[in-house]
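Both of the next two complexes hold subunit A, though its partner changes from subunit B to subunit C.
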Partner chain A sequence: MAKVVLKNVGKTYSGNVRAASNVNVSVADGEFLVLVGPSGCGKSTTLRMVAGLEAATDGTIQIGERIVNQVAPKDRDIAMVFQDYALYPHMSVRRNLAFGLERRKTEKIEINRRISEAATLLGLNDLLDRKPGALSGGQRQRVALGRAIVRDPAVFLFDEPLSNLDARLRVEMRAELKALHQRLGATILYVTHDQEEAMTLGDRLLVMHDGVVQQIGTPDEIYNHPANRFVAGFLGTPPMNLFEGGVSGLEEKEMMTLGLRPDAIRLTLNMKETGPTAVIRAVEFLGDCSDLHAVLECGATVVSRVSGKSDFKVGDSCVITADMNQAHWFAD
Partner chain B sequence: MKLKISRYAPLVLGAMVMLFPLWWMTTISLETAARAGAATAGGKVTLWPSDPQWSNYTDALKEFGSTPWVGFLDALANSIVVTVLVVIGQVLSCSLVGYAFARIRFRGSKVLFGLMLTTMMLPPQVTMIPLFLFFRSLGWVDTLLPLVVPAFFGNAFYIFMFRQFFASVPEALIEAARIDGCGHFRIWWSLMLPMCKPVIAICAIFTFLFTWNDFMGPLIYLHSEESSTLAVALNSFRNQYGGLDDVHLLMAASIVTMIPCVLLFFSAQKHFVEGLGKGAVKG
Partner chain C sequence: MFNFFSRTASALLIAIAIILVAWAFTRVANRPDHHAQIEGQETLTLMHWSGDAGQEEDAIVADLIADFEADNPGTRIRRINPGDAGSFYTKLQTMMAAGSPPDVFYVGAERLPAFASMGLLAPTPESDFNLTDFYPATVNAFRFNGTRAGRGTLYGVPKDFTTLGFYINLDLFQQAGIQVPTTSWTWQEFLDAALAIGQIENCTGAEFVTWPMMVRLFLRTHNLDVVSPDFEQLRFREPAVMATLQKLRDWRHDRTAYPNALTSGKSKVASGSSVFLTGKIGMAGPFGRWVVPSYRKTNFRWDFAPLPHAKGLAPANAIATVAWSVAAASPRQAASWALVRHLTGEKSQRLAAPLGLAIPTRISIAESSAFIDPAQAPANDRAFLDQANNASVIAWPADARFEAIFQARMDQGLKTGDQTLEQAVATFEKDWSLVKNSPLAKEDWPLVNWARISLWGSLTLIALLTALAIRWWRTRPGALEWKEELWGWALLSPWLLGFIFFLALPIALSLVLSFSKWNGVSTLDHAQFVGLNNYTQLLAHDDRFLTSLRVTLYYALLAVPLGQVMALGAAMLMNSKVRGIGFFRAAWYLPSVLAGVGIAVLWRWVFDGDHGLMNAGLQPILDSPILSWANLTAPEWFGADAAWFGPPAFALMSLWAVGGPMMIYLAGLQGIPQSLHEAAELDGAGRWAKFRHVTLPMLSPVIFFNTIMAVIGSFQVFTQAFVMTGGEPGDLTRFYVLYLYNQAFEFHEMGYASAMAWLLLIIILALTVIMMRGSKRFVHYESLSS
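Up next, the complex of A and B:
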């Protein structure tokens, strides 16, 4: 296991495509860091630079005590799990697991020991002699995971490994990954565009947007103290309500953005309450809670989350009140 | 039922037309010398040998060259050696070059690929004489080398076919192999070749058929009787017997020569059809 340190790392693809700029992050030994952001923000590029599949155009990448910018992927002591699993289709599961070790001249006995260990850990024992084509998506993902585990690398790199699984399996695998991380004590860099996955998996999150790091912090920090509007809007479902404009009564906070999470907003049918009025446009019942979408007079939409089933109906007029203790202010 | 008949009738008719020369060849190969001569000279078509002369086949193989049996065995051995080596050379070189064009980004790769494709437009007759002079200056005339060695330098069409296949392999697979510790040669050998068996099959089958039946190459480069291949030896057969006097033996020898191709076709029929379809789609 090892730490990973990125210093001012950047990548410009041919044709002047700037995919990542000035990425600075230090991943501690045994930490689970999730790189999260919308599609195309440069997460994969950053991960692939750590893997050595893309050369960094700026900055230094350090794995353990070694600067690895000039080191080939196979010598970086990393293992990578890909979105499409990337299993060798003509090899049995056993050969898939063994292949990387054979290339590293690991002894036969040791290879077999590691394979049976990983197979037991991941429940692959009955599948070892099958070809990847004869496995389900979840099983393939497990094999891809096994291929990384048998290598016993210093750092695990995951690029959207759960994206191809159906929703239920994804949640299951998420829990398994978390347990696996605790068990192996491995350093993990994990890329996903799914903020829920990021929140549940990561010890810390690195939020990216347009190739630039927006914030690095624990899920709690990122959720409760978003550094800017982008982070505030990206994490949480439904997203935070953002109101732009001049704010009266707070001299130094003129022209700012006010952010309120849906559960900090209350709607009431009692028109005597003070506050802006709005009309309910949609009511979404989600089982344990309901989301109310209301349109303000100025045309802006507000989403409020209330627990249980709501009595509001589409077309109702209501007054909006907010718990200002939960307000976020953004200057950008 | 009606539908079936209307569908099969043209097929059967077509097959009969296509198979007729083969059938006639077989018939003549089993006739006596006199009847075979008459049939070919007078154009009288017999569809069934009246008195099958099975000894024609042993005679034909025995009389293949100037020494009984040796001529045939020499030619057979030469054909096998040339064909096997050419098939191996073609598959290895074309897949390797195809891999490079598909998967390695290097300066000028597009230009080189285009240049290579233009060699497909070049009729072989154009290069025949310069090539002959070149191989003669190497002292390779009357050896199997001029037939075998070029195969190890690839063929534009098969390179193109391999490249198309390799270009469709997901990038992540290659990246996984790189992380697992493979260089380009290892990726080609352990990953790409096993994955492209259908393409290898097509390349191998067509190369086999072409090389086995090739007449021009061996005729140009192989001068002595010991070094000739079956296709050329058949030709000398005819001359030796003066025109078409012993046409029944020529037919028997031709049929024997054809056997490997027929066997190959039946055993590889599936690949043939599949592969041609594949080529058509990927184009």
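Up next, the complex of A and C:
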């Protein structure tokens, strides 16, 4: 296992399109780092630069003690799991697992040992002689994982590996991945656009937007102390309510943004309470809770999360109150 | 609302379609040419060609017809001109086979025995023509007595003719100090002149074409021939015949005894009438008058010399001539012969004479200033006329295979010289005896019982349709699906009808024909049933068939792998992301759009032995220090080395069209997910391993498809071979389909050709099945679904 250090890493495509700039992060040995952000934010590009599938135009990439900018992908001691799994369709599962080892002239006995180890770990023993076309999505996902595991690499790279699975399977695989990480103690760089996946899997998250790193931190830090409006709005379902406005009481009159998560906002049908009034436009019942979408007089929409047992109806007028202890203030 | 509009629109579309179809049919049915019969008026169909003189000949015939129509208001002429003589005969055969031949048409004397023996030509009412004004040799050329031409019933009235001789380059004659022959000269004088001119730098004495007619003409001047007048006895084995042919061969190929006497003629382009135009050839022939229009465009002085004769023998000559004939099946005999009288009349011949292409057949016109024009080359017009008196047509057996085999063998024995004369003659004798002794040569085969075949065919079809109908009834759809199904059939119907009438029926017919003997010219009721004889003859006795199969296999063995490797290589290049890749893709694909005859003509020049681009590039490489020790010379692709290099030349040429499969490969390559290559790269695969383990297996279904298509295509080579070599020399480039074409349209063996077509189908089918079976381990269809 090894650490990964990115220093001022950037990627500029021809035509001056900047996919990523100034990425600085140090991934500790055995750490699970999730790169998260909306599509096109540069997270995949960053991962591919670590893999060597794209050349970094700026900065240095260090894996272990080695600067690998000029090292070929196959010599970087990494393994990657692709979104579409990239299994060789004409090869059996066994051959798929063996291919990388054969290329590296690993001994036959050793190959078989590693394959059976990985197959046992992932529950692939009965599938070894099938071809990928005969496998379900989840099974293919496991084979892709197995192909990375048998290589016993210093770093695992995952490029949205779960996004082709259906929702239920995704949750299952998520848990398995987490368990696997703990068992292998591997260094993992994991790209996803799914914030839930990011929060549940990552030891730390790296949030990117427009090619720029917004915040690096533990899920707790990111959720509870978002560094800026983008991070605040990106993480959490439903997203944080953001209100722009001038704030009085400061020396210079400054535009600030107030951020309140839906569970920090409370609606009451008791019109005698003080606070802005709003009309409920939609009620989303989620079982144990409901999300209420209410429109303020000024036209802004507020989302509030309330108990699933409350009896708000569309069209009800209500008064909004907020728990200002949970308020976030952003200056940008 | 929307529903209303879409309904109106579809109703409108259907109405428009119905009106269009109705209009098209009424228009075709009422075409003025066919049916606009005016009361009391008769319509004659006339067909002719326009050869080298193209538009001028077309215009003259049009004028002659206009002239005739002005004089005969009761008759209208529909004129058809399909182009050159080849297309003319193809169309004529089709029209005859359909039972609706043109009333009046050209017939070359060389085709007369074939047509007359099939009973396609009407006898000429001789008393209606003043034949005494015609050169007797030209009239006799159209007589046929059932076995040989030159005597018997007259089947046409000659319109023009030519005698043969050599065209001579006066500048070279002057330079070599040779006297120009005007009235007569001997072969020895001819040879001396050729040797003298051969001494001049870069010049060759003469181009002596070894066309079948010219070889026999050469023998005729020695009072010899290759076959007895009744075509029963071959005369090759007479010592004098062999010696004379050997002499001709030596003049050309014995370079020490006769340096530069004759052109090598090793390749097709290096021979023929156009070689004279280079100005480096002293004499060219034996040619008739037909080359004059093109020779008049040269910038050196030239003239015509009579054909040399053997010492001690009287001069002898041959004529080539074309007549106007009338179809035996024409119901308008009187009007047709009236038209022929007009077309061969003095007025008409006077109009046509200045074209220079041929000599009027009427003595009075030929001897007049209409033909003899001292202002234009050749000055020696007289030589053409003087020879008419000791000329007659060179007759061929009615079976066209005699001439074809003769040509193929003499090509090898005399022209390219890749066989000795002895070998060539022996092969000829064997080939011809196979044709003559074939059970198919019998005339008394029973007629094909078309009524019974139609009956059984219809019964089978009805049974099949009934079975289908019953099956359909069991699973018949509900009302809603029924409507959809009806629409499906309605939209399918144009293609279905086309398939039934233009594909399925002809295919079924050809199957029946493959068991019969039919000349493809007379109507189908003349077809005779021969059982399996076509097939047994082909497989057991026809050496030319086996040769064509061998040539085709040799070609396929080279062209298929070479083409696939090139196409895949090109596709991989075209798959890279470089600036202007669109241009490169188009540039690679473009040649496959530009295929066909024009390109074949260009490639013929590329592979020309003496002047071709290929050898111009190849020879310096062979002469380079690395290879010079081997002392190699670039091959005569379509000449003396054609046995080994002919098919490879075609294989090289086939790379021209590599763009088609390339496009399919490119599409296949782009269908391979990028992530697979990346995964392989991370797995440690280098360039070759990625190609071997990812690209190839992923592409294997595409490779397999392209390979099968290429195999099928390589068995169907025709155009290139037809245009570039015509199968020559000998049969060394006679591809399967070309031989099939020869049988069908030159030898009039439509049944034999049909059998060949069905054998070809079986061969291709077998190959495909073998490839399908053998491919299972190599073709990964999984790559299509992922």
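The rule we apply is simple: the second predicted complex is superposed on the first by the 325 of 332 C-alpha atoms of A that agree within 3 Å, B and C clash if a C-alpha of one lies under 4 Å from a C-alpha of the other, contacts with A are read in each partner's own complex, and residues count from 1 in each chain.
One rule holds for everything that comes next: contacts are C-beta pairs under 8 Å (C-beta built on N, C-alpha and C of every residue); 3 or more make two chains touch, one makes a residue touch a chain.
All figures in this text were calculated on a predicted structure; none of them were measured in a lab.
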| item | value |
| --- | --- |
| Partner chain(s) touched by A:82 [first = subunit B, second = subunit C, both, neither] | both |
| First, second, both or neither for A:90, with subunit B first and subunit C second | both |
| Contacts of A:73 with subunit B and subunit C, given as first, second, both or neither | both |
| Touching partner for A:51 - first (subunit B), second (subunit C), both, neither | both |
| Contacts of A:133 with subunit B and subunit C, given as first, second, both or neither | second |
| First (subunit B), second (subunit C), both or neither touched by A:183 | neither |
| Subunit A residues contacted in one complex by subunit B, in the other by subunit C | 51, 53, 73-74, 78-80, 82-84, 86-90, 99-100, 103-104, 147 |
| Subunit A partner contacts - residues on subunit C that touch it in the complex | 673, 675-676, 678-685, 689, 693-694, 697-698, 700, 780, 782-783, 785-786 |
| Residue numbers on subunit B that touch subunit A, as the complex places them | 170, 172-173, 175-182, 186, 190-191, 194-195 |
| Touching residues (chain side subunit A, partner subunit B) in the complex | 51, 53, 72-74, 78-80, 82-84, 86-90, 99-100, 103-104, 147 |
| Sites on subunit A touched by subunit C in the complex | 51, 53, 73-74, 78-80, 82-84, 86-90, 99-100, 103-104, 131-133, 147, 151 |
